[in-house]
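Letters A, B, C and D mark the chains in the order given here, with residues in each chain numbered from 1 onward.
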């Protein structure tokens, strides 16, 4: 079983009826629910307002893949927890960062860049696959439409990704590297752009399938306890 | 001085007045002309109908960067010359492949993939830069418009590029990796998508600047005479 | 079940008692045997001397991952079959190329480069992992020794790999990118350097584990029947 | 002219006569001196003990390429200056990190990983080129020896580099990705492993040539003042 923790800022859902109408259980609840339809996955949730933001050492150690959604409250995540998430990834935990999570502390720490981009509410997106043999693209159509979605446009200030799996087209004239993979330490990372809180993006079937695929792709094949810089003896004399 | 050879199929310009009106000296003539405005570049041309397609051993040995435009007559390029171009790149020559050259023999030999894509005439393109620090993007705006251009859409069946420098947005709803780099052997390769023969694309200033930048980027820093597979003695006993 | 076809030139084993002593069932037989110890894998074999080299359309269509070992008889593989293997990879089939297979027709067609390298018999190798979180490195020690192995040294004329998973150290003073991955079309490719026919390399446990891991990693997630270059209608009006 | 600032911790040279004997002007002085032999380069130096470690805003703004050598005093570099260096790279400044600089704050901030490795004093290294067409490898032999050098061995916990240019072989049995490139924001980064303070590594000719080449490769082609996340208007209505 792949043990997923879906982390959510969980502020918009509590403050805005319009968001709550779309995600009555929160974005985290919605994602955990569709993930659990897959027999290989068990999903728990954690949110900003919980002690340690719900990300205690025990939770991180028992998480194979962490999913991160956040938007306006990145600064409220403690530096200590953000660093623990970064370390957990380097030790092997998978990480999936969604939409406005591009500016969250764990992602920017792992990328080392500003992760800035262009944005605009209420555009229309088409998500194109440019790596159809990739495990994350399994059973995904060559393109699908998101009728209303926030535009995220280039230049997206991320390191050269290991792989670009999806490209986003926006009606207003922009393009975006919407699905990209990275390896950091022993951990695999997938960033996926769709998912504005005011749009029912996580109810769209290919979006759910992509996130489910990404969980399987990011599940650890190696996990270590300590990262060291050892002084070693020669193997050859 | 960087010695460029601009190769062109040169069929549309001779057969269609509409194309000749846009490129009275041929696409090759147009490109050679704007390249020579740069003090570091000297440009010659070669075309399909010339003996050896204008690509004799002597020409290839004296070419630092070869630019290739072609469309409907790829099959008329001899396999022998195509392989010589491939070998010249592996030995260090730069190669810039333009637009419908994506299916030309030297490029498909060097890529090893089908290099197929989606296409449609008479769309509108916006070229976005997604690697603004790249030498090929020097002094290029963050995006520019090509009012009429052939749509090329994903999936573009190329190997994972070393770098994606430009992404194309098309009004009809498609996206494309429009400017991509590869290293093959000692040679550097840049593929650039714009340039349909019925549209005045190569008269657009940022397009000219991109091709000029690419020539400088692809100019060899190492060139070898022979490729071998030597049986070597140990360096350590 | 992952359906593997292990292809072998199968010449050295028939001509040299010394090789036959190491691999009484041929290198192909040895590899098929250890692969079948894995419950998810079924393995068949095919060899050069069979009609169509054992690689009929039906065999290729029913192969998820093709493993290729060859050495001195690359030129005896027909161009037609080599191209069919290339096409099968582009359509999604996985390919694992072993040792002296670096110069085989399917691999060089897919790479587009010379795939040349330095070499010398009877050296000692240490295989180091430089991507410990990669699925192909699962449960592989950080380094292991191959007491006698043919040296393969840089410069290895391959395209920039998607990932370098293993690096080889040789007693004589050379290094090599010994385990590298590529994506071509829908297909995943792994090249692995160890495996000289006069050394019992494929009896070494981590070598067997790496090849088994690679089979699982290269198994298709997407497979298509035809590769086309379609003229498409706009999605947006 | 390319304006280089060579930054050095400058502690070992002051504390140990043995190091001072090798580098009477400090490692920074040695590097600045050989760089200035190139007509395109002007080089200044800065050290840890200077106010702001010699890296004021004015210095950073007037530096095209920053070279960083450090070893045991990474923690004495202020977080503020380290972040300024990171930001300067994202805005376009080139960065060359040498040897034990792998653990310095600016590099680990830009990489997002632990940058840990294996190490051992007093080994012998051979540096192999595995990307001979790369500008940083210009005029470098296929391999060269460093008679005494600190061993740095894999696993080197860095992100998948854009390019691996050099691989290190060590007599004791280890290998290392000794010369690797990254792009971060608009900036280009080169990490180069050789250079232990007790060995005269920076007096070796190919080492000097590699660093000189890297300066030219990392010189900015684009430099921005501010990094933003703009809310933009649609280009298309």
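Rule of thumb we're sticking to: a residue touches a chain if its C-beta (ideal position, glycine included) is under 8 Å from a C-beta of that chain, and two chains touch if they have at least 3 such contacts.
Model, not experiment: these values are computed from the prediction.
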Chain whose Cα centroid lies at the greatest distance from that of chain A: B
Between the pairs A-D and A-B, the one where more C-beta pairs touch: A-D
Separation of mean Cα positions, chain D and chain A [Å, integer]: 32
Distance from the mean Cα position of chain B to that of chain A, given in whole angstrom: 36
Where chain C touches two or more other chains, by residue: 126, 131-132, 143, 153, 160, 162-163, 171, 173-174, 183, 185, 235-236
Residues of chain A that touch chain D when the two form their complex: 86, 90, 103, 109-114, 116-120, 123, 151, 153, 157, 159-160, 162, 171-174, 182-185, 227-236
Residues on chain D engaged by chain C in the complex (per definition of touch): 126, 128-132, 142-143, 153-156, 160, 163-164, 167-170, 173-175, 177
Residues of chain C defined as touching chain A within the complex: 92, 126, 131-135, 137-138, 143, 145, 162-163, 171, 183, 185-188, 220-222, 235-236
